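Just so it is clear, A, B and C label the chains in written order, and each chain counts residues from 1 on its own.
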Amino acid sequence: MATVARTFPRSTPRPRLRIRGRTIALHAFLIVVALAVAYPFYFMVTSSFKDLLEATKNPPDVFPAQLHPENYIEAWNRAPWGRYFVNTIFVSIAVTIGELVTASLAGYAFARMRFPAKSVLFIVFLATLMVPSEATIIPNYVLMSPSRNGCLGLPCLGWFDTYQVQIVPFIATAFSIFLMRQFFLSIPSELSDAARMDGAGHLRFLWSVALPLSVPALITAGLVTFLGSWNAFLWPLIVTTKPDFRPVQVGLSAFRQEAGSSYHLLMAASTFVIAPIVLLFLVAQRYLVQGIARTGIRG
Amino acid sequence: MRLTAAIVTTLMLVTAACSTAAPAPQQSTEADISLSGPVSLTLWHALSGPQQVALDAMVKKFNDTNGKGITVTALNQGNYTQLYQKTLGAIQAGALPDLAHAYESFVADYMKADVVVDLGPYKDSAKNGLTKQSQDDIYKGYYDTNTFPQYGNKLLSWPFTKSLAVMYVNDDILKEIGKPTPKTWDEFEATAAAVVKKDASGKVIRNGFALNTDASYFNAQVYSRGGSLMAADNKTVAWNGKEGLAVLQMYDRGIKGGWAYSPAGFDYQNDMAAGKLAFFLSSTSTVPFMKDLADKTPNFHWSIANLPQSDPTKAKTVQFGANVAVFKSTPEKQLASWLFIKWFTETDQSAQFASTSYYMPVRASAADSQVLKDYWAKVPQGKQGFDLIKVSSPEPNVRGQQDIRDVILNAITSVATGKATPDAAIKTAGDKSNQILASAQ
Amino acid sequence: MGAEVIPARVKIGQRRRFPLEAMQAYLFVLPAVVIIGIFKVFPAIAAFYMSLFKWDVIQGAFRGFGNYTDWLYDNSLRSPDFWRSLSTTFTYVILTVPLEIAFSLVIAYLLFQKIRGRGIYRTAYYLPYVTSFVAAAVVFNWLFHPQYGLVNALLGVVGIGPQRWLDEPSGFFQIVASAFGIALPEWAAGPSMALVVVSIVTVWHYLGYQVVIFLAGLSNISNEYYEAARLDGASERQIFTKITLPLLSPTTFFVFTIATIGALRSFDTVFILTGGGPLDTTRTVTLLIFKTALQQAQFGLGAALAFILTLIILLFTLVQFRVLGRRVYYG
C-alpha cells in the first residue's frame, strides 16, 4: 500500500514498443475495449433523441432518424428536476467544504502536533473504516427520526427531510483525515521551524504555509468527496421523502417508476443527470486520477 | 310466514342490541365526546401526481367547510414502502402523524406497537358515527378488509384509495379475429391462442396474454376459479389447492404454447396500445395510464372487464388498495380524525374523489351522483370497473401476508421461467406460506 | 506517529508550551471527533445493542445472541435465507474480482506503453466510474431488455435466441449447456443469468478505477529494472512476467483486497438492477439486511445480520493479509 500511496511521476520514461504492427494491434484492442465501455453512453444519448417508437426499435438505429430534443423538455417537466439539482449541488458543495475543513484541521493535528491519546484516537478513526455502513444504517436512521421519547438513549435529531441529514454525517471521514495527514507529514520541517521563529502559531502556519502547499491534495480530496456526495443514493432515499430535499439520484430512481415504459424520456433524464458530473470530471480529470492513485478509495 | 319473519326480525334486533350494547355503556366512550376547540391534524400519504392534486383539493374543501375548526395537512411521504419505513421510524421515536395511508399489512405491523385506534366505536357512535343505512351503503368487503381477526376483530382502518383487479382487453384485436370478450377461462385460453400472430421468421409479433407476477392477480384468479385464499381459522393458506394449481398450469401452458409472455416493467401497456397484445390483468388504477396512451394512439380501442370465471354466474375478483388508519393521540384529535375520514367517504365526497383520482368510490350511492355520471361519460372504463365492486372480495390481512406475497411471486416466476412445474411450485409455496403464518402468530 | 517531525531543539520549551499545544490540537480534532463519534462510533455501538434484542417494530425481550443463532442455524425461515445470500455474495465476489483485476491489469499495462491518445483511452475507461449507478442501471436494464434490448438483437444476428438476462433465474452454465442440447443437473447450474449480468455491469463500472490504480503502481517501478533486462536481451513477455508482475504485486494485492471488500459490501449495484430477484438469485447479504430491517421491520435481526457480515469481512481481510500478503514481493 505504501507503494501505491506515492504519486506517480509523470515524466518517467516508459518501455517502448518497437514493432509497428504490434502498435496497430495494441490500438485495435484498446479501441475495441473503449468502444465496449463507452457504448452505453452513446446508446443513452442517441436514444434520448428518439421518439418512443424508434427508441424501442429492435435492433436500434445507430442514429435517430429525426432528432427529438423535446424529449428533454418533457422529461424535465415531469419531475421537479430543478429542485433536485439545486439540492444535490448544495449538499455536495456543503459536504465537500465541510470535509475539507475538518480533514485539514484534524489531519494537521495528527501530523504535526503533540497531544495525549493521539495514537488511540487515530486508531479509532481508522477502525471506523472497517465497519460497513449496513451495520450502522438502522441506528443512524432511528437517530434521525423525529424526537419525542429519545432515540436509543440519545435525543433524536428529527432530521428527516432536511439538508443537514444529508450533509452533517458526512463532513468528517477518516479517509480524508488520513489523506491530509500524509500530505502534511511530507512538508519539510524547516518550513515550520522558520514559521515558529517568526512567532507564527499552528493555525497561522496551517493557513498560510501548509494549506497553500497542499492544494493538489485538497483538490483531490474535494473531488472524491464531491463525486461520492453527488452519486449518493441509499441514505438520501431513506431519510428524505419530499422533493424539496431529495437529490437527483433519488429523483431519477423515482422517475424510473413514474415514467414506466417511456424509455426515451428515461434516457433523456439519465443524460442530464450524468452530464454535470461527467463535465466536471473532464475538467478536473488529472487531479481525480492522481487522487485515486494516492488513496485507493472505492466509491 | 309473517310470524316467522317477525320472529327473525326480533331475534336479529336482540342480537344486534346485545352485541353493540355489551362492551361498554355508549356515553362513556371517547367516540361520543365533542370538540372543544380548533384541532390540527397531519395525514401522511403515498399519493403523487394527479392523485395527490385530487387529495389536496378534497382536504382544502374539508378545511374550509367543516365548521368545527379542524385543519388537516396532507403530506406525501414518497411511495408506499417509504411511507411504511417512515411510519416505523416515527413509532420508534413516538412521533406519529394523526392519520396515515396504509395497506392492511402495514396496519398489522403498526399494531405490534399498539398505536392504532379502533374505529368501531366511532363508526357506531350515536353522536358522531354513521347511521345503519349509511353504514350499509359502504361495501361489505371494505369492512372485512379493515377488520383484523388477529387483533380481536377490531376495525383498525377505513377504506381510502380502493381499486380492483380487472382484465384489460384490446377491443380491436378481438374485433379482427371475430371473438367476444371471454367469459370463462376455457374461452380465454382459446381466444388468447387465436390472437397469436408470427412473422416470417417465426417470431411472435402479436401475443395473447401478458402474465403478471404480482400476488394480487394470482389471488384474483383463485377467486375467479371458485377458490378461497385462507382457511377459515386463518392459520393456513387455502390457495395452494386445485384452483391455485390451475392458475399456474394455465401460465405454464401459455408460456409453452407461445400465447403468453412475462413482460418487463410496465411494457404490457405499450404493447397493448401498439396492437401487440390482447389481454393483461391489472388494477383499475391503470385506467389513467391506458387512457393517456389511447389519447396518443389513433384508432386504439380498449375496455376493461372482469376476469374470466369458472362459473360466470358466481363471478368474483379481488379488491385491493390502501386504507387510512388513525393513530392513538388525544381523544379530541382521534375524534377529529374520524370526522375527517367520515366526511371524506360520504356520498358526494366519495363520488368527487373517484372522478378526480380514478380510485373506486367507497359507497354504492355514489353511482347516483352527477359528478360520477359525467366522469363515466368521458371514461366508460371507470363505470366498467365500478360495476365489479359488488363481486369483489378483499385479500387476507393476516400478519405475514406481505412475506406470503413474495412467496407467490416466486412461485409464478419459477413456473414462468420453467424452473419448476406448477405442481412443485404450488406445493413449495403453500408449505412456505404456512410456515410463515405459523411463525407470525 | 508524526512526533519525529518536530525537531529536537523545540523540546526545550516543550514543557511550558505543551498544555497550550494540546488544547489547540484538541480543538483541531474536535469537529472530526464529534461527527465521527456521533455518526459512526455511536451507531455501531447502538446497532450491536439492538442486535441483542427482539426488536420487531418496537424493542422487545432480550435475546442475547439469539438473533445471531437464528441466522446461522436456529430458525428454519431465516437461516436458509442467510446461507443462500452468503453463497450469492461469494459468487458475486468470484464473478467480479478476478475479471476486474485481469482486465484492468492488461489494459493498464498496454496504456503504460508510450502510445498516442493515452489520455483519451483513459478517459473512456474511466467514464463509467464517475457515472452514478442509478443512471447506469437505467441504460443497462434496457440494453439487456428481453424484447427491445440491443444485446438480444446482437445475439440474434449470430443465431442465438433471445435471453431474459436480468429476469432469468436459471443457471448460467445450464443455459449455455442447453444451447448445445446438454441438460445439466441443478447442482451444476451455476450462478443465475441475472447475477452474471449484474457482475458484468459491476466490472464495467469499476474497470477504469482499477486501471488507474495499476497505472500508478506501474509508474512506481523504476525504469532501471527494464533497462537492465533489455541489456540482458530479455523479450517483452519475459519482462512482463519476470519484472512487471512481481514488482507490481503490492498493487495487485491492494486492488484485490479493496475489490473484494467492495464486492462483499456492495448494495447499490444489485439493489438498483434487480432488487434481489428473480427468485432471490441475486439477493446478497446486504440486500437481505435491507429487507429484514427496512421492509419487515425486524430491526434486531437486521442489525445482527449486519454484524455477521462485518465479522465475515474482517475475517476475510485478515486471511487475505496473512495468506496472500506474505507472497507479495516488496522489492
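Everything that follows uses one rule, which is that a residue touches a chain if its C-beta (ideal position, glycine included) is under 8 Å from a C-beta of that chain, and two chains touch if they have at least 3 such contacts.
Keep in mind that this is a model prediction, so the values were computed, not measured.
Just count the C-beta contacts per chain pair and the biggest one is A-C.
Distance from subunit A peaks, on a Cα-centroid basis, for B. Taking each chain's centre as the average of its CA atoms, subunit A and subunit B sit 43 Å apart. Subunit C has its Cα centroid 17 Å from the Cα centroid of subunit A.
Measuring from the averaged C-alpha position of subunit B to that of subunit C gives a distance of 42 Å. Counting partner chains per residue, subunit B has residues 85, 92, 267 touching two or more of them. The set of subunit A residues touching two or more other chains comprises 56, 141-142, 238. Within subunit C, residues 147, 294 each touch two or more of the remaining chains. The touching residues of subunit A, when paired with subunit B in their complex, are 52, 56, 141-142, 144-149, 151, 156, 158, 160, 237-238, 241-242, 254, 257-258, 260-261. Within the complex, the subunit C residues that touch subunit B are 56-58, 75-77, 145-147, 164, 167-170, 277-280, 294-297. Those residues of subunit A that touch subunit C in the shared complex are 1-4, 6-9, 12-17, 23, 26-27, 29-30, 33-34, 37-38, 40-41, 43-44, 47, 56-60, 101-103, 105-106, 108-116, 118-119, 121-122, 124-125, 128, 130-143, 152, 154, 168-169, 171-174, 177, 181, 185, 189, 192-193, 196, 201-203, 227, 230-231, 233-234, 238, 249, 252-253, 256, 263, 266-267, 269-270, 273-274, 277-278, 281-282, 285, 288-289, 292-294, 296, 298-299.
Touching subunit C in their complex are the following residues of subunit B: 81, 85, 88, 91-92, 109-110, 112-113, 262-264, 267, 402-403, 410, 413-414, 417-419, 435-436, 439.
Those residues of subunit B whose C-beta lies close enough to touch subunit A in the complex are 48-49, 75-79, 82-83, 85-86, 89-90, 92-95, 265-267, 269-270, 289.
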